[in-house]
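Have a look at the structure that comes next, please.
Note that the chains take the letters A, B, C, D, E and F in the order they are written out, and that residue 1 is the start of every chain.
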Amino acid sequence: MPTTTKTTLHIINKTTTNARLYQDCCDSMLEGDELLLIESAVYAGCEQNFHSAIPTSFPIYALEVDVAARGLTDKLNKEIQLIDDNQFVNLCCIHHKSISWF
Amino acid sequence: MNTQKSLLLILRNPSFAGSNNRDTLDIALGCSVFDIPVSLLFLNDAVFQLLNNQESQVIEQKDLSPTLKALDMYDIQDHYILEKDLQRYQLEDEALLLNCKTLTDSQLALFIRQFDIVINL
Amino acid sequence: MIFSILLYASQSSAQSEQSALRFTRSALQQGHKIHRVFFYGESVNAISSFKVTPRDEVDITDQWLLLAQKADIDLVVCIAAAVRRGILDTQEAQRHEKKSANIKEGFNLSGLGQLADAIIQSDRLITFGN
Amino acid sequence: MIFSILLYASQSSAQSEQSALRFTRSALQQGHKIHRVFFYGESVNAISSFKVTPRDEVDITDQWLLLAQKADIDLVVCIAAAVRRGILDTQEAQRHEKKSANIKEGFNLSGLGQLADAIIQSDRLITFGN
Amino acid sequence: MPTTTKTTLHIINKTTTNARLYQDCCDSMLEGDELLLIESAVYAGCEQNFHSAIPTSFPIYALEVDVAARGLTDKLNKEIQLIDDNQFVNLCCIHHKSISWF
Amino acid sequence: MNTQKSLLLILRNPSFAGSNNRDTLDIALGCSVFDIPVSLLFLNDAVFQLLNNQESQVIEQKDLSPTLKALDMYDIQDHYILEKDLQRYQLEDEALLLNCKTLTDSQLALFIRQFDIVINL
């Protein structure tokens, strides 16, 4: 398999208070990679300075149940795509591997 | 009287992130029974605990909002948040679960100085 | 696809175990296979049979057992991580002269070889931690 | 002066319990009184009598017991935190129909009132956590 | 007791990777307060940008055993004063209260 | 052959901060026995684990340096660190416990892409 198809799903589950975690995660992303916010990470989607808090230009998803559980459904930045558990599993299939940042 | 010692509890975690929040609220209730005056400071990510419309059941986690609302019955009524935390997450106009006083950055240190004991889990 | 799950929660009451469970359910519903769930680090504390979960909370270990029975999932608890934290099966309780086992029935103590095997046998390894 | 210690470690193997122990030793050496050590949150996991500590590591709970005997320190483990994590004394084991107790002898399960009392009785409360 | 004498010993035990923890701690400090670095926090004393990593002008101490355990004795910034366990206890006596940041 | 899958282990914690480091090294040893090729990336605070002159006994913590030195015997020889982490803590000229290759910020993502499995405790 050529290296270029070995894309990664990055999964992060902490708030942006852990700024270095977001930096390390985003520094590890390459063309084709995607970022999924789960658990406490969904709060990142209501940051005033969204783009500096999540320093990446690659696609960002957030897990729908985690957003709803935290009362954020109406507050999330519109650039973030909400997905359900099935789509989470599907993202894991599409990408060659996943990396969890916690 | 020993019980005149004042206690500040600092919460720093968002909802559903470990047991720190629950453990802190349990201290609040436990200490108020002993007539220790308790104040709560929701610092940093802890402001998120105060959001309405949380649906903890969809992730099968414990809902702390009944405990938060019970604080009033225990005469725990002094709740504080930081202005900068509300701004960071654009929550300035949000109706929160508790009636909180807002502190500016420069008021924080003087606010903390008045207490005799601080627990910061 | 064949998945395995690595659980590495540092707080017994954080959400990661529940996230892992939901992921597992969803993968099974879509026809995928979950080969193994490997409990490592502080996650082993969750597998105590002595735990008493408050009535308004959910004991997730019971749900793992239900899923495992239905879908033939291997629930492995790292033996080194467990024994050092005092989570013992009958054999370890006897070996170390402790009064009883306290690992929930249905979970198996085994070594890190089972994690290596999971890596080899599975198409994907997904870590849930905190 | 009279001190009390609040232990709130989230990882069983982090250093905070050892820091608390060294602080306690040093305070005693200087003639201070340690009224109580209160184990809260995940710290209760450290008090399991089923733990098997590897030979090249130190089991700090034994050192707490030694100090407590010498200096009359009250070692209290929060009962709610302990029972939900499966750390039980004989009474709790019977109440919840578990096979045996697994709290190290010398540590006492009790409620948060003991922390409130520690706050009232002590000149200083020092928290060690992670 | 007048408010002005109710000084605080702030105790921190994480690395400066937890930047917001240092910010919150230092924002909580007032004239007379002091800061003690223990456990992983002693690494903060080898930061290249020491003053931006620990944003305070109040006195900073570090626990000697924690510095030695980590092999940092020769690396620590000279503005930090090394103290032993007895001095740690003493700082707790001198100050009206302590706050642990972890 | 399944065993051709390559494994990257990312360490992010300093010495004596929980069991993550030890647990990660145990995975390294366990997987190498099964002929899984293992590489280690010491990210962020994890560079501190590689310092010489650590005296773990003064705080009664487990010394991981024997385990680090044993990696070689298990044919685990690919160790990586980031240039920026060395700079941040002024460790550029430091002799480290392991012989590490240094990556720049811009090399990191491409480096990670080549692996089949990543465990990041």
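Things worth noting here:
Here, contacts are C-beta pairs under 8 Å (C-beta built on N, C-alpha and C of every residue); 3 or more make two chains touch, one makes a residue touch a chain.
This is a predicted model, so every value here is computed, not measured.
The set of chains in contact with chain B as well as chain F comprises A, C, D, E. Across all inter-chain contacts, the pair with the most C-beta pairs is C-D. Set against the C-alpha centre of chain C, every other chain centre is closer than that of E. Computed centre separation for the pair chain E/chain F is 28 angstrom, with centres defined by C-alpha atoms. The distance from the centre of chain A to the centre of chain F, each centre being the mean of the chain's C-alpha atoms, comes to 25 Å. Remark: chain C and chain E have CA centroids separated by 39 Å (rounded to whole angstrom).
Multi-chain contact residues of chain C (touching two or more other chains) are listed as 10-12, 15, 19, 22, 42, 125, 127, 129-130.
Residues of chain A in contact with two or more other chains: 17, 20, 39, 65, 97-98, 100, 102.
The residues of chain F that reach two or more other chains are 16-19, 44, 59, 61, 117, 120, listed in rising order. All chain pairs in contact, by the document's touch criterion: A-B, A-C, A-E, A-F, B-C, B-D, B-E, C-D, C-F, D-E, D-F, E-F. Residues 10, 12, 43-44, 105, 108-110, 112-118, 120 of chain B are the ones touching chain E in the complex. Chain B makes touch with chain A in their complex at residues 14-17, 44-45, 48, 51-56, 58-59, 61, 87-91.
Residue ranges on chain A touching chain C, taken from their complex, read 11, 13-14, 38-39, 65, 85-86, 88-90, 92-93, 97-98, 100, 102. Partner chain E is touched in their complex by these residues of chain D: 1, 3, 15-16, 19, 22-23, 25-27, 29-30, 32, 124-130.
Within the complex formed with chain D, the residues of chain C that make contact are 10-12, 42, 45, 48-54, 83-88, 92-93, 96, 98-102.
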